[in-house]
Amino acid sequence: MSLKTPLRFGLPKGSLEQSTFELLARAGFHVQASSRGYKPYINDPELEARLVRPQEMSRYVAQGFLDFGITGKDWVQESGHKVEVLCDLAYSKATALPARWVVAVPENSEIKGVRDLQGKRIATELVETTRRYLAAHSVTAEIEFSWGATEMKVPELVDAIVDLTETGSSLRANKLRIVETIIESYPQLIVNPAVFADPDKRKKLENLKLLLVGALNARDKVGLKMNVPKKVLEKLSLQLPALRNPTVSPLADPEWAAVEIIIDEAVVRDLIPRLKELGAEGIIEYPLNKVVY
Amino acid sequence: MSLKTPLRFGLPKGSLEQSTFELLARAGFHVQASSRGYKPYINDPELEARLVRPQEMSRYVAQGFLDFGITGKDWVQESGHKVEVLCDLAYSKATALPARWVVAVPENSEIKGVRDLQGKRIATELVETTRRYLAAHSVTAEIEFSWGATEMKVPELVDAIVDLTETGSSLRANKLRIVETIIESYPQLIVNPAVFADPDKRKKLENLKLLLVGALNARDKVGLKMNVPKKVLEKLSLQLPALRNPTVSPLADPEWAAVEIIIDEAVVRDLIPRLKELGAEGIIEYPLNKVVY
Amino acid sequence: MSLKTPLRFGLPKGSLEQSTFELLARAGFHVQASSRGYKPYINDPELEARLVRPQEMSRYVAQGFLDFGITGKDWVQESGHKVEVLCDLAYSKATALPARWVVAVPENSEIKGVRDLQGKRIATELVETTRRYLAAHSVTAEIEFSWGATEMKVPELVDAIVDLTETGSSLRANKLRIVETIIESYPQLIVNPAVFADPDKRKKLENLKLLLVGALNARDKVGLKMNVPKKVLEKLSLQLPALRNPTVSPLADPEWAAVEIIIDEAVVRDLIPRLKELGAEGIIEYPLNKVVY
Amino acid sequence: MSLKTPLRFGLPKGSLEQSTFELLARAGFHVQASSRGYKPYINDPELEARLVRPQEMSRYVAQGFLDFGITGKDWVQESGHKVEVLCDLAYSKATALPARWVVAVPENSEIKGVRDLQGKRIATELVETTRRYLAAHSVTAEIEFSWGATEMKVPELVDAIVDLTETGSSLRANKLRIVETIIESYPQLIVNPAVFADPDKRKKLENLKLLLVGALNARDKVGLKMNVPKKVLEKLSLQLPALRNPTVSPLADPEWAAVEIIIDEAVVRDLIPRLKELGAEGIIEYPLNKVVY
Amino acid sequence: MSLKTPLRFGLPKGSLEQSTFELLARAGFHVQASSRGYKPYINDPELEARLVRPQEMSRYVAQGFLDFGITGKDWVQESGHKVEVLCDLAYSKATALPARWVVAVPENSEIKGVRDLQGKRIATELVETTRRYLAAHSVTAEIEFSWGATEMKVPELVDAIVDLTETGSSLRANKLRIVETIIESYPQLIVNPAVFADPDKRKKLENLKLLLVGALNARDKVGLKMNVPKKVLEKLSLQLPALRNPTVSPLADPEWAAVEIIIDEAVVRDLIPRLKELGAEGIIEYPLNKVVY
Amino acid sequence: MSLKTPLRFGLPKGSLEQSTFELLARAGFHVQASSRGYKPYINDPELEARLVRPQEMSRYVAQGFLDFGITGKDWVQESGHKVEVLCDLAYSKATALPARWVVAVPENSEIKGVRDLQGKRIATELVETTRRYLAAHSVTAEIEFSWGATEMKVPELVDAIVDLTETGSSLRANKLRIVETIIESYPQLIVNPAVFADPDKRKKLENLKLLLVGALNARDKVGLKMNVPKKVLEKLSLQLPALRNPTVSPLADPEWAAVEIIIDEAVVRDLIPRLKELGAEGIIEYPLNKVVY
């Protein structure tokens, strides 16, 4: 049972492009840029890939020109088009900190919070979302669309900006101070509602989601194997919550057992020293492609 | 008599940036990009340079955050802000053909003219100008803002696009056909009306214009010197309109005269063979920095 | 027992270079480009690497200036030199589609098949192979060697071309249509016949082949581990042919077993959803370096 | 128990920078370059990263401006500052050969050994180390600091150079001959003595070292799994010392066992052919992130 | 009187491309690369530009697929096709030394002259020209076509090479010695004989040649102006042959004259010090675009 | 009469390299980088070029390994070697502001002048010059050699830096304040004293200097030609000092004269508007290669 016509799949052109291709590859879908760039090859006859600007993705998915796509939550919200959000795909983060749109002002500005924006001039690429945010706080301000290099515009051209940041280091380098966070953003898998209502297409999309989430899980997780004296096995799992569900296998030496777990990579740097102290030996960590619970 | 406070001068960031810097340099104003990029150094204490997107230039000039600037006529018209156009500066042309925004459709589309756009979907970066153009032809269509790669959008996502082109070769490579020209574009020197009303500032701007136009003239002109037998001097100027106002100087040999003219470079390739046939000798062509009539 | 003199190993310079270095690294042979480029360092004292154009590889291997090398099957056939083909190494494919030399003509050409090439002009880099192909079909045509940019030559300079393609997207972008496939190509490990007849050298080459093929296998395969209720174990292997030879290990919980298999990565995206439906839990996929059967 | 103030961690700017970032990432510490470059983000609140030239690292660590850092042994020795060397981190090697500072002379020079340097002129970036080396051999020579491109200076400007090399290929390309090795070099983890004396900080540094060494081990090691007939199991471990401590697990088929070992990648290319000959089947090799003994 | 159909003009793709575009621009013909690269725009309706490999130019000109073109004399001779050589255009020289194809051998080879090539193996991209050269010297050798990186092939793969060089520095860096010069090369303007026989087309081509040669002359020439005391005027022209045909103009001061000449730039560095000694003042040198005698 | 052995000419490798090559080219000496980089080709048989770091130039010139060279005044002073300074060559300035080494401190530092540096820590690449400067002001401080990225070191690692700047924009972007200027710098032509004492070599060097200075003059100067009514000629030169020594030539129309001057480009932008007001017509400005007074 396969789809009669392939689903048209929108991939985000630009800053998310490379990381989206990599996530898809780990999920088993290999995308190859074509010489023209707009219609990349994807190795699944049930899919047809199209490269589209993140800002325009939800428009074309909502209108049905694309069946589904990947784009940032910020632009889904900004455009206001009606699409189904199948799942979040938090793969774009270069750091542990979330990407977010913030209100930023000059270091020495008197603006301390959203209320102080009353009557001010604000430049941003995210005009609608900013407007809604201010309205929710009963603040009226002049919001102008910025075509780029937004952080250069304060204080000469505007009083404040709404811009995207992760660590805030670029804002600090421009002598700006973060006042408020308006929205956090990450990629989302969005679908045209009518497409999602078709059982066969929905099945295809659910499977795709399963694999993408499996690939995404694997990015932050690793496999850990070690040999543990049987007598400390229980102690180990009591003291280390992360080790609660290990796969324990017998070894040739009956005093020892092989223990294998899948855990968050972020935990490893605290866990490995503890494991050694508790008597584990031959600890190895190995990379994963997918983790499906 | 110099200005008490420098005039804030907006330079267009992006595709016009380099050629604007070069034109300014030929006019005697050397701009040096700073490490931050937004506030380049300019070697005139009466000016302060700011790099601004072409799309935003007329907004900031109209609002007085910049005193004057250089940007494309297309974006001046699109934004609709009230600014004085001091002069056209047609230096961006890579070819003899003007840059222009055109309606383009797939080669095999049934759309043949502006009337056929009735009820169609059009993607463009120039939404307002397109809207006005269609209204002037009593055509109603769905116009959507395009964030880039516009030429990839037909025929799947829209029926037609309005895009910028010079030779049309990129459109042809994408199998598109040009249907109409909406607007021709070239850089313009635009000024805030209040600034232009101030006599001292106006004087400064008029002088700047004189030098920019002088530098621009020189781009398309060359100097030509040659030795000509006196007896064919008259014949020369009769047959060659381009030679009507030469500077004629005596030479050591009384039978000959030195003739020097400033002419359009485009004329040279036809003129030089003619000159040789008519008896001119020692023809040399030399480059110019400025030509001020 | 090691070789007294190292074997001279030809590596293909150019488009195959990087992927060959990567395959060798996965096989355990690390190549480091030298400042001169021609004699890269390889971390095996029994080998001496030389970078050679793919077109020239079989000539130098046949003449004995190189003992063995890696190059494309196309150029082995084109040159007609006498070498042993030890094995195919299909690692160059960017897609699931084979690289192949095809006859391509303008979209609107009247040429529909090989017979229509009678009396036509054809440009190609693969003159001899094209000649043999046409002769086999009793077709006579004018074949000229093309120094590059072959796809630009139709229709002005020639009637048809024979060029290399994978997905055909570059040909389509140039408005060309594929008429016939002349030869599929992939890298091959080729050996000088006299070298291959020497038992010690042959042993070395057989081991190298084992490792290269093992590394190549691993590129398209992954490891899969999961926990499965013992009662569905049999059902699993009946319904999923890919799971026929798993490694099944006991777990602490006697109702469950740990199952581990090595499978084609291409199968994973269909398999994982099925495994979940059948009751598998904790499915993880991990990458492999080598798979030797 | 966490540190009250983060430790200031010096990372080597320049040629070691990328490989240091990669080692840290494998150890679980992700570094992200900031727009200014000097203060990169590191995902551990107990650490603050600073980018510093390798030549200056031990100065700032010794003076306490940095708490600890990673730099080359060569520059630790050259500067002579008092720091604790916590461990060697031999990750910079592009090849199996150690990086080393050597005395090099023109191919046809009469200098054959350190004694022949008496009275000669030597250019080097490593002045102090060279001076000590010559003194230890009772040789007096004129040593001048070289600001770069040292290998170009012989024979016109100096008689010999002391320069860094791995394979020597760049020296050979410049027609130079290696005469002596002065010092081998590799990255080291160095610590301010007072910092190391603080128990909490020392604990943090010991854990960091454990993870770095674990990540480093994994670079040169791989995991190997295979199925082996039980009757050859003993023979296998007798004949293959590398296989002395395998993890042996039972399989469904009682005649066979699953064998898993962690071994040096350098051994694999000899081991796999032997394993096959001895009856092993389904041999797979997989990559590792960390190996902690 | 203009041509009814434009002439098809072949421009050399590759190493000559940029300098050819620059020469044409100085001659008044502006070429703009298109997005596809093969059909660049040229600002003359009587011409249609095509980018073609230098090696293939004379073939397509001889066959009439191009009307005329610019390519290297080496490839005109190598191909042996029948074309008219309209003129030499020696603009490709990076130095004062001519580009030439030379026989090169390892520094320590016993080959000293063309006779010593008897029975040797030679690699070259210029097979036919090499063959003719050897035949003219009654030498028989094995000549093989080299696909590139020819200088790497001696001594392992061949005994000698025939390669292109200007200063010989790349050959020296590869420890090669030049034995013989086979052919000097420079760009030529070549024409299809039938095209050249048509009076209108010939006229167009003669004018084009006039402008190209004029632009080429100007590359190596400069204008020089100076003020000279009238009493040394004669002495000047007697002592300085380069000054034999100056343009002498009267000045306001009757004791002085303005002297202007066009001379070889290569002469200037000797001439200016002499002029100063002889009493010239206010010497200025200015650049030229074209010099037509 | 030419030199028997060529003079060895040191060219500065690095940031001055390109502008030095360009100045030499304008002076008539064409330098072509070789594949090895150290011994570029120069088109004068009396010269042999060597690329040397600016920091090392005066050492090698003083020791006689080079006969003369071009390097920055800062490094001549820093090294303290005994060389003749033939002339300054102020061609490196990107702006009208001089390059200079300044003391810089954090914006909010309490250091206001050289006296406040007493007892502080200073990082710089220019250790000796800084030491002398402080000694001249009777200030003692700890000066450490900085291997680069000096501006990143304040305030964490040192209290102040001595660094090179032109506009100061990079310092400002790093939140640094300039306290003092230690030395202005520009390229200088330096010569070994013994070489300069040789009459033939001195002659060669004096001629070279004449041409370099002539080329340098031309960088900041332009030619201006215009037609002026004879009756305003005198008024013109009275009111415009820049016009004091024009070349005045008669024209065909006896009421008018052709006026030609060589002037500073920096003056042109004020001069041209004045000239127009005073009645000049047909003003053209043209570029110069050399100006020798």
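All chains are identified by letter, namely A, B, C, D, E and F, in their written order; residue positions are counted from 1 within each chain.
Heads up, the rule we're going with is that a residue touches a chain if its C-beta (ideal position, glycine included) is under 8 Å from a C-beta of that chain, and two chains touch if they have at least 3 such contacts.
Small disclaimer: the values here were computed from a predicted structure and weren't measured.
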Pair joined by more contacting C-beta pairs (C-E or B-E): B-E
Matching chain pair for A-C (criterion: over half of the contact pairs shared, by residue number), options E-F, C-E or A-B: E-F
Separation of subunit D from subunit E, taking each centre as the mean of its C-alpha atoms, in whole Å: 52
Rounded Å distance, subunit B centre to subunit D centre (Cα mean): 58
Centroid distance [mean C-alpha coordinates] between subunit F and subunit B, Å: 35
Multi-chain contact sites of subunit B, meaning residues that touch two or more partners: 36, 173, 249-250, 286-287
Chain contact topology (line, ring, star, complete or other): other
Touching pairs - complete list by chain label: A-B, A-C, A-D, B-E, B-F, C-D, C-E, D-F, E-F
In the complex with subunit B, residue positions of subunit E that touch it: 27-30, 32, 34-36, 39, 41, 43-44, 206-207, 210-211, 214, 218, 223, 247-250, 262, 286-293
Residues of subunit F defined as touching subunit B within the complex: 94-96, 167, 169-170, 173, 222, 227, 249-252, 258, 265-266, 268-269, 272-273, 276, 281-287
Residue numbers on subunit A that touch subunit B, as the complex places them: 13, 36-38, 50-53, 55-56, 59-60, 65, 144, 146-149, 152, 156-157, 174
